[in-house]
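Once you scroll down, you'll see the structures, which are given as structure tokens.
First subunit A sits with subunit B, and in the next complex the same chain sits with subunit C.
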Partner chain A sequence: MAVALKAGAKLKSAVCDTQLMVVKAPAGEYDIRCGGLEMLAGTATAPEGAQLDPAQAEGTLIGKRYVDAEEKVELLCTKGGKGSVVLNGVAMSIKQAKQLPSSD
Partner chain B sequence: MNIATILDMAAEAFGDRIAVVSGSTRMTYAELRAAAQRAAGAIRASKASYVALLDVNTPAAPVAIFAAAYAGVPYVPLNYRLTKAEINELVERVAPAYLVSSGDYRALLEPRADIQVVDRADFLNLPESLAEGVPEPGDDPRAVAVQLFTSGTTGKPKAAILRHENLMSYIVGTVEFAAAEEDDAIVVTVPPYHIAGISSALSSTYACRRMVQLDGFDARSWLEACRSENVSNAFLVPTMLSRIVDHLSEQGEGARLPALRSIAYGGGKMPLSAIQRAMSLFPQVDFTNAYGLTETSSTVAVLGPDDHRAAAASEDPLVRKRLSSVGKATGAVEIAIRDEDGKPLAANQPGLVFVRGGQVSGEYLSLGSALDADGWFSTRDRGYLDDEGFLFLEGRADDVIVRGGENISPGEIEDVLLSHPAVADAAVVAVPDEQWGEGVGAAVVLKENAKASVAELQELVKQRLRSSRVPQAIVFRDALPYNELGKVLRRVIRQEFAEAQPTASA
Partner chain C sequence: MGRGGISFGMSAMPADSLNPAVNIAAAYAQRLLDSLGLNPSRPLSAPDRHPAAAWAASGLMELTGLADGTAQMCPAPVAACADGALAALASLAPAQALDGLDGAQLLAERAAIMDLRRAGAISPGGACRLYQAADGWIALNLARDDDWSLLPAWLEVEHTPSADALPILIAARGSQELVERGRLLGLALSADQAPQAEAPAWCSITAEGGRRPSASGYAPRVVDLSSLWAGPLCSHLLQRLGAEVIKVESADRPDGARRGHPAFFDLLNAGKRCVAIDPRSATGREQLLALIASADIVIEGSRPRGLRQLGIDAEELVRQTPGLTWIAISGHGRGEPQENWVAYGDDAAVAAGLSHLMHQATDQRLICGDAIADPLTGLHAALAAWASYREGGGLLLSLALNQVVAHCLAFDLPGSEAALRERQAQWTALARRSGVRAPQARPITAAAHTLGADTEAVLTTLGRAC
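After this line comes the complex of A and B, so read on.
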């Protein structure tokens, strides 16, 4: 089931500890999965017997930003887990951290 | 979305790292989260609709920011330098509240049934049991995270509100998670009721950086704290940096701050001469100028270390000039210049500074949003963008001198006056003028034992700028009036000129 990704929305993995926050995403419907299963929005709970797909277990790292190839969709990992993050069938990659001048 | 996530992430990834140092107190990120969760339990039980803080900077400030977020109520730090009557008026506006205070500040509070006052020491040592059963923090991005009373010069203070989405947008847009090295530390000298105090606590937590708190500012204790805690980063308002530079030159003391890598400054105009002196005194330090407002969740433009060095080293006067700019818009916002009618202006055309972006709240309690239909916020600052997008500020729109229809910015005249070797401080304001409507007045403080005549200063401005910029009235003062954060109180100086006889045009 495709979902809209609203900036600020939280997504939880159905099969691992991964949590993501939407930083930005153009309007539209997305298929967002972690560990092989659709991620859960809001108060949704994991389906009975949901299990991590071993082929989708690259893992996520806290604090990293996951982006699509064009960097139009950006998701911040607020909690790391075992699953891989896949958007519309394509694995998302970690965005290169920018050196931001420290202003405070 | 909730700013509590910032602390959750830091505690999860670097729970053992020291979060905050205050005197002999040291608290790790895990301890900071535990304290905030205990406090959240106490806040929920109190049924308060605000968490207020009336205190200097101590670990209670970051604990209160995050405790309010976990409990789902706004955090409202109060200015402890206000009068007793003013403080109690603000307290009334946030009732029912859970209010953290201590000592002399606590004594200023009139008892009220709808205010639960908690002593700072008790607040930091609440029983473990309070953390049990505290539900997950709320997820509504539109919920109010912080409310700040602005120091309105007229009328009642306005309550600016910053929502979780504004502050989160600022942090995610300007900081990388865990960007700090293990040994990094920032010394914090801005009071907790200032937007920079809040953004600093959030940024440092997200960067997993140690915060070293001082409960006030003087150059000596700042230097001591930097040395004893191996401080790597500092944020200062311009007067603080000037006082540190003065202190070191008076004592003939070397900086001796080998760990210090970065100084960020903001919160007011930095005189060109002061930043030049600071750069030569701390050649190894990266300087960053940050410009922002309460209503924009802090920083919206940054003049970074490379910009500082490029400007200082350049032969090109237009590039050199950038040392007195506030840099370019951060990646998280857009900046535009418009005229009084709202029409966009081209590069190098001065007008009003507008800002747009997720971190811009531009919103006041019960007054609503000050954003236009397209989300732009008028800062009420005047300025222009140069060809490469560097923002030059000319002062508050209300401070601009309108002389016979010509807009004159006080800042450029002040910079010229300050370049005179005898001048220690200068403020330029509008003075009443019969012919031109407004004219240029200057209050000047001379250095000890130094001399300069009115005519000499007028000639200097005439040569560097042009005759319309020449102050027609110059008064000498022992000191200029400043607020506690080093902002010069132009309205007080304007008042003094206004009360004197209208001056004839030069």
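After this line comes the complex of A and C, so read on.
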């Protein structure tokens, strides 16, 4: 089931600890999966017997930002887990860390 | 110095700034030394000036207040505490090593060099600002340009808001939710809070290892992984005490201060050897571990999870490396969840209660000084580092920006709002008589080394390929 990704929306994995927050995404419908299964929005719960797909278990790291190839969609990992994050059938990659500030 | 998982700074000692016989800076220095369980190796010598005079002379008063209003007093002896921290350090240091330094003046050096001005609820540097949420005030520090890209997710809006729209969007939401969501996103922000009456620890031991068998007596090697102001000021002060400082930076993510004002970077970093590594490569991580293994003192200001992702576990390294002193500088302290929170000097001071105190005293919403938690923490960190090194090391010492400021605020806090306002009036009058000075900086005498200028030379001495 495709979902809209609104900035600030939270998504959680159905099969691992991964939690993501949408930093940005152009309007539209997306198929967003973690560990092989569609991610859950809001208070949705995982389907019974849901299991991590061993082929989709690259893992996520807290604090990292996951982007699509064009960096149009950006999701921040707020809790790490075992699954891989896949958007519309393509694995998302970790965005280069932010530059440090020049002063504060 | 005290060991066994203790925290420094819990002792209660009355300070009485209205009693002219008490030298507040000296009393604060003594408090710091007592909390470390150390006796000075030479008589304590702190400037004997009233805390209000210290504030006025330091340049901090000029930096605090509305842009078109008068310069404001701070009714807590923050400048005198800076004098005290420097005096405590000097009392343990080689004779004359810190001569010519003025602790309070160090807090305003960046503003002097960059010609920063007070701007009310906005920090002199411009990145931090106090905002009114639906149920209270918060400080938000957008120090990185990229932070703006997180604002739609923070506020659940479609587009990045303009600076003008931001206060309106924030005013519609509750402060607690804003702070929680912001911290999840990695924004530097904090709720405006009242200062704690009971001083928190200014420094805590979070891991212990063996001490160095022989007493100190040689120049310690400092490996400084930190950036910006607090950590670099700490290693700069240790350098004044004779330490050899190696500044280690990531080749593709160097200290952001290199892109800031060059004179300020030179002031803090001249004379340090500069090594650049690639922490994402196996070779780089090996080089980093070799540098750490060669160090007497490590200084870092990273989030623990960032270092762990590089395979560096500070607690474990301290336990395994006899004599190592590890100074971990954070915004809000180690431990979950606060070790994940980003903080800078201005927002950390708000978290400690400084802006709340200023509001009680002046009815104005003000950011106090210029990233004041940074240099204040750098001073305290140098004392912690030197004290541990002198006693044989073997300690991981954690200092949090907000707790250092909170410790200073609690040192001599008036007991009631009426007493606070009375002090504000007295101290303001005293400051006007003693003279309100603009921020001052020491002259720049040498340029800092460029990124990685000493990589080959340093790594070769460690027997590591570059």
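The working rule: the second predicted complex is superposed on the first by the 100 of 104 C-alpha atoms of A that agree within 3 Å, B and C clash if a C-alpha of one lies under 4 Å from a C-alpha of the other, contacts with A are read in each partner's own complex, and residues count from 1 in each chain.
Convention: contacts are C-beta pairs under 8 Å (C-beta built on N, C-alpha and C of every residue); 3 or more make two chains touch, one makes a residue touch a chain.
Keep in mind the model is a prediction, meaning the values are calculated, not measured.
**Q** Check the residue A:V23 against both partner chains and state whether it touches subunit B (first), subunit C (second), both, or neither.
**A** In the superposition, A:V23 touches subunit B and subunit C alike.
**Q** Answer with first, second, both or neither: which of subunit B and subunit C does A:G63 touch in the superposed model?
**A** The answer is both, since A:G63 touches subunit B and subunit C.
**Q** For A:D104 in the superposed arrangement: first (subunit B), second (subunit C), both or neither?
**A** Both subunit B and subunit C are touched by A:D104.
**Q** So, A:T78: does it touch subunit B (first), subunit C (second), both, or neither?
**A** both
**Q** Please write out, lowest number first, the residues of subunit A touched by both subunit B and subunit C across the two complexes.
**A** Dual-contact residues (subunit A): 7-9, 21, 23, 62-63, 76, 78, 97-98, 100-104.
**Q** Which positions of subunit C touch subunit A when the two form their complex?
**A** 110, 114, 125, 127-128, 141, 143-146, 149-150, 152-158, 181, 184-186, 188, 227-229, 253-261, 303, 305-306, 309, 340, 344-346, 371, 374
**Q** Sort out for me which residues of subunit B touch subunit A in the complex.
**A** Touching subunit A from subunit B are residues 1, 5, 8-9, 12-13, 139, 141, 164-165, 168-169, 172, 174-179, 196, 199-200, 203, 207, 233, 235, 262, 264, 266, 286, 288, 290, 298-299, 302, 304-305, 330-331, 358.
**Q** Which subunit A residues qualify as touching subunit C in the complex?
**A** 6-9, 21-24, 61-63, 74, 76, 78, 97-104
**Q** Can you list the residues on subunit A that touch subunit B in the complex?
**A** Residues 7-10, 21, 23, 42, 62-64, 76, 78-79, 97-98, 100-104 of subunit A touch subunit B in their complex.
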